[in-house]
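Could you have a look at this structure, given as structure tokens, before my questions?
Labels A, B and C are assigned to the chains in the order they are written; within every chain, residues are numbered from 1.
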Amino acid sequence: MTELTKLTAAELAEKIRTREVSSVEVTQAHLDRIAAVDDHIHAFLHVDTEGALEAARAVDGDVAEGRELASPLAGVPLALKDVLTTKGIPTTVGSKTLEGWLPPYDATVTRKLREAGVVILGKTNMDEFAMGSSTENSAYGPTHNPWDHARIPGGSGGGSSASIAAFEAPLAIGTDTGGSIRQPGAVTGTVGVKPTYGGVSRYGLVAFSSSLDQAGPCARTVLDAALLHEVIGGHDPFDSTSIDAPVPPVVAAARQGLSGDLSGVRVGVVKEFGGDGYQSGVLRSFEAAVEQLRALGAEVVEVSCPHFTYALPAYYLIAPSECSSNLARFDAMRYGLRAGDDGTHSAEEVMSLTREKGFGAEVKRRIMLGTYALSSGYYDAYYGSAQKVRTLISRDFDSAFEKVDVLVSPTTPTTAFKIGERVDDPMAMYLADLCTIPSNLAGNAAMSVPSGLSDEDGLPVGLQIMAPSLADDRLYRVGAAYEVARDAAAGGSLVHQVPELGGNK
Amino acid sequence: MTALAELMDYDEVIERYDPVLGLEVHVELNTDTKMFCGCPTTFGGEPNTQVCPTCLGLPGSLPVVNGKGVESAIRIGLALNCEIAGWCRFARKNYFYPDQPKNFQTSQYDEPIAFDGHLDVTLDDGEVVRVEIERAHMEEDTGKSLHMGGATGRIHGADYSLLDYNRAGVPLIEIVTKPIVGTGARAAEVARAYVTTLRALMAALDVSDVRMDQGSLRCDANVSLMAKDATEFGTRTETKNVNSLRSVERAVRYEMSRQGALLAGGGTVKLETRHFQESDGTTSAGRAKETAEDYRYFPEPDLVPVAPSREWVEELRKTLPEDPTERRKRIQREWELSDEELRDLFNAGAVELVASTVDAGAKPSDARGWWVNFLAQEANTREVDLAGLAITPVQVAKVIELVTSGELTNKLAREVVRGVLDGEGEPAEVVEKRGLKVVSDDSALLAAVDEALASQPDIADKIRGGKVQAAGAIVGAVMKATKGQADAKRVRELIIERVGS
Amino acid sequence: MTNISRDEVAHLAKLARLAVTDDELDVFAGQLDQILDSVAKVSEVAADDIPPTSHAVPLTNVFREDVVRPGLSQEQALSGAPAAEEGRFRVPRILGEE
């Protein structure tokens, strides 16, 4: 039974469809796994046992009755990041301010998952309001990296990445504002994709930075990620920034990639991402990955994107600015935490007391930073300039994609760092998103795929692949081709090298 | 209560200062749904029953623009002779207040959909003043609070408040004038005429209910004075939510007199919001604006830019109603009105009501007569605007029809109208319930006529002798006997007939 | 070198409705200073002729039909309210006016 948790989503879906196993058995296996290991990992904030089994039974009913299944992932379990609303199921966004909140509505992603027969196991841990790169900013305690429990699983979606690396779920949903899908994917040896902005609806995604936030798939294989991408992608009239175009053919592209041929594909290595500040083992893994791509027939060239080095500072103006406005609604009036309402305090005072109590340090820091950046007198120098950098970064991508089909870089400069190592140094923490942020600012698609273990510390490294907006399929073709080649050379999928989980926390 | 302010005589204010006005009018659109979500906009629903995740500001919710709201905004802009932006964005205006679910208002900042226009308004004596329009932009309304506990039900001294978000997100168009200068003694009159004309225009565009009493049209009046030799505007005050046409004029007059007294006494005007008291026509100090509010505007990332095509704008231009000034001329011609009659009609805010009554089948003279005389008096007594009376033009037309057909006398008709205003139902129902049918049964009338003639034989003789005007006394007696429910004209005919036979 | 004072941080906290402690003021003042120093770099390349980008995807005119959609019931609307009364959200007394 435990073997079920080792299978890919595609394999599980096939076994369910052909009645080799039931969705209930698959779901129960994962619930059992969660019960066995999540005390050590802490990937989940809420496990919806009953809801999951009920959804599984519905799929089994369809199978038994011979009805056409709702999607190629019908009956497959999934872990949902706690930033997407789930009707009647707690949604905390990793914050005390929403502890116990039961949303009266489903996010569009949640609805699409339910309609596709995907079994939602529960809600995963995250940095509070998705602000962070380590999941240490969760108000409910950190998540541990399955590769080394003393290390971070990345962030903000550390719960989602850890849950699949720990075989608690074959699939997960993350959200990526500055790298929160890709960086956790890299440091846990899993696949994470940030689709083109507007490719997946943001309706019901509790906003951190509206112009950057994008939900996407997390999986153990590129094909699984593609299958999930097709389930959650597509136009949504409830999101004005949703693109009214068909989902790029990502599953077909992944299958094409699995053939292992990349001849004719032009790959650009981003010149600016490397050198000082990058762990040498990460760089060696990246260089090996580039060689692998070349071996698959890709034409590799170096490409300069001179403004990418301004992406991090621009991000730390735009994201806090938008968050200072997005998080204003958490004011103790209509929902969530209320503090200090003892009859002596005014509404204004209760708002301030509640927000002080309900938000963690990183959230407060960013709210104040954003409040400052938007203030009259500073707007042009900070927010205004950051928006111009955004234009420059888009132009860099545009000119790069005239020369190449995809760009590659390390996903993050280092392997998973130790829990507690960077908590008191925000600037050091922010560096984790150095390479991932440009695609958030420009809105294009990007993926992290495991490129092996760093030779100096034995921890996973990720290869980032970037494609133009709406060309998400290119990620999957290149990613899948690379993945089969790497796994073949290494004698198996990287994530299966995760140490067996015992009692050592 | 605030201490009584020193006031300067209005004439003296004009002698010593030039008033400068700036008017901000918020028009609530009459779309079926809110600006950014599909919730209904109907007035007066049970609290928090016209809400959804978006207008409640729930985490994760997103706005989507109501296309009809944009269309209305463009039509308003065109009717105000504005330029229409080829590309503009929504912006977030950030400030915390419990009636605002997101703690920011989705509005427009430096890219309004309409800008640089004008509206010509006609004053009582026919003088036309051009009011320059700065901008018209789209935004959303707030929720409503009830203040509980304390003595007054007002915000000050309340123990707590209760919030209803049914109104939150209702589309608003904010129309802002450029500074209105050079109007001198007529400043207050111009303010009123501007809002009156704007209201008529919004009604003609059919974009709003324009019910000032229900808040679907609200006016904030900025007033300042500058000394005759000054080159810069004085410090202004912003009087909020002036809720009737009459109040617009009163509020401006009051502020001018108050500021005049302050300045003449060596004092300074404080930059602040002020609140108008309908009861005594004064304004009282509100929030100080000394430290300019920092709203931290930035482009709304959840909404994409609005870029109306020229074709769309031109299509909408074709749907505009007649120019108000042209229309005024046409109405005068078609309804055969003197300048004075026309003025009274406009001043009473009765043009649309009369026009609708005419559309419903009444003769223009009858329709006008009812609205500017009896109904205007009723509005005055009931302390509402004419448009706020609980009677529709269709109902007024029905009453006029009953008079024309002889089923009601004018006196009875007035009683029927009162019944309708008191909520007793349609005119026919009021006639029925109150038993107001004219006594048109000739045999009943004849009996009354005979009785009156018999009791006053001397008058009967006079009539017989050719003094027909003497019949008035007999008519009076018959009307008294029938408690007014007889048609006086018919009574007179019967008297002549009786005496002559 | 930006220099954000403790008072400025206190002002920001007030604008953002955060009842921060004195200790936090000190910590945040130092951290915000450091962060602002490093992000100020954006102005190096933000020339006048470069248009700002507010939206990653160049869409325009996304409109909804003016058609009523079912929303939440009063019970659902108030389900998360810290306090409610008479079908309304109950909140502490509101200062001032708007």
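Following the convention adopted for this analysis, a contact is a pair of C-beta atoms (placed from the backbone, for glycine too) under 8 Å apart; a residue touches a chain by one contact, two chains touch by 3 or more.
These numbers come from a predicted model, not from an experiment.
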Chain pair with more C-beta contacts, B-C versus A-C: A-C
Central chain (distance from its CA mean to the mean of all protein CA atoms): C
Cα-centroid distance, subunit A relative to subunit B, in whole angstrom: 55
Whole-Å gap between the CA centroids of subunit A and subunit C: 24
Geometric centre distance via CA averages, subunit C-subunit B, whole Å: 37
Residues of subunit B engaged with two or more neighbouring chains: 53, 56, 64-65, 96, 98, 159, 161, 163, 294, 296, 298, 301, 303-304
Residue list for subunit C, restricted to those that touch at least two other chains: 15, 17, 54-55, 57, 59, 62, 64, 72, 77, 89, 91-94
Subunit A residues counted as touching two or more neighbouring chains: 101, 104-105, 211, 237, 240-241, 324, 328, 331, 333-335, 343, 347-348, 351, 371, 375
List of subunit C residues in touch with subunit A within their complex: 4, 8-9, 12-21, 24, 27-28, 31-32, 34-36, 38-47, 50-57, 59, 62, 64, 72, 76-77, 79-83, 89, 91-95
Subunit B - residues contacting subunit C, complex: 31-33, 37-40, 46-53, 55-56, 64-70, 87, 89, 96-99, 142, 145-148, 155, 158-165, 275, 286-287, 294, 296, 298-299, 301, 303-308
Touching residues (chain side subunit A, partner subunit C) in the complex: 101-102, 104-105, 196-198, 211-212, 237, 240-241, 243, 307, 310, 313-314, 316-317, 324, 328, 331-338, 341, 343, 345-353, 355-356, 359, 361, 364-365, 367-369, 371-372, 375, 381-382, 384-392, 394, 426-427, 440-443, 469
Subunit A-facing residues of subunit B, complex: 53, 56-65, 92, 94, 96, 98, 101-104, 159, 161, 163, 292, 294, 296-298, 301-304
Subunit B-touching residues of subunit A, taken from the complex the two chains share: 84-85, 91, 93, 98, 101, 103-105, 107, 202-207, 209-211, 237-241, 321-322, 324-325, 328-331, 333-335, 343, 347-348, 351, 371, 374-376, 379, 383
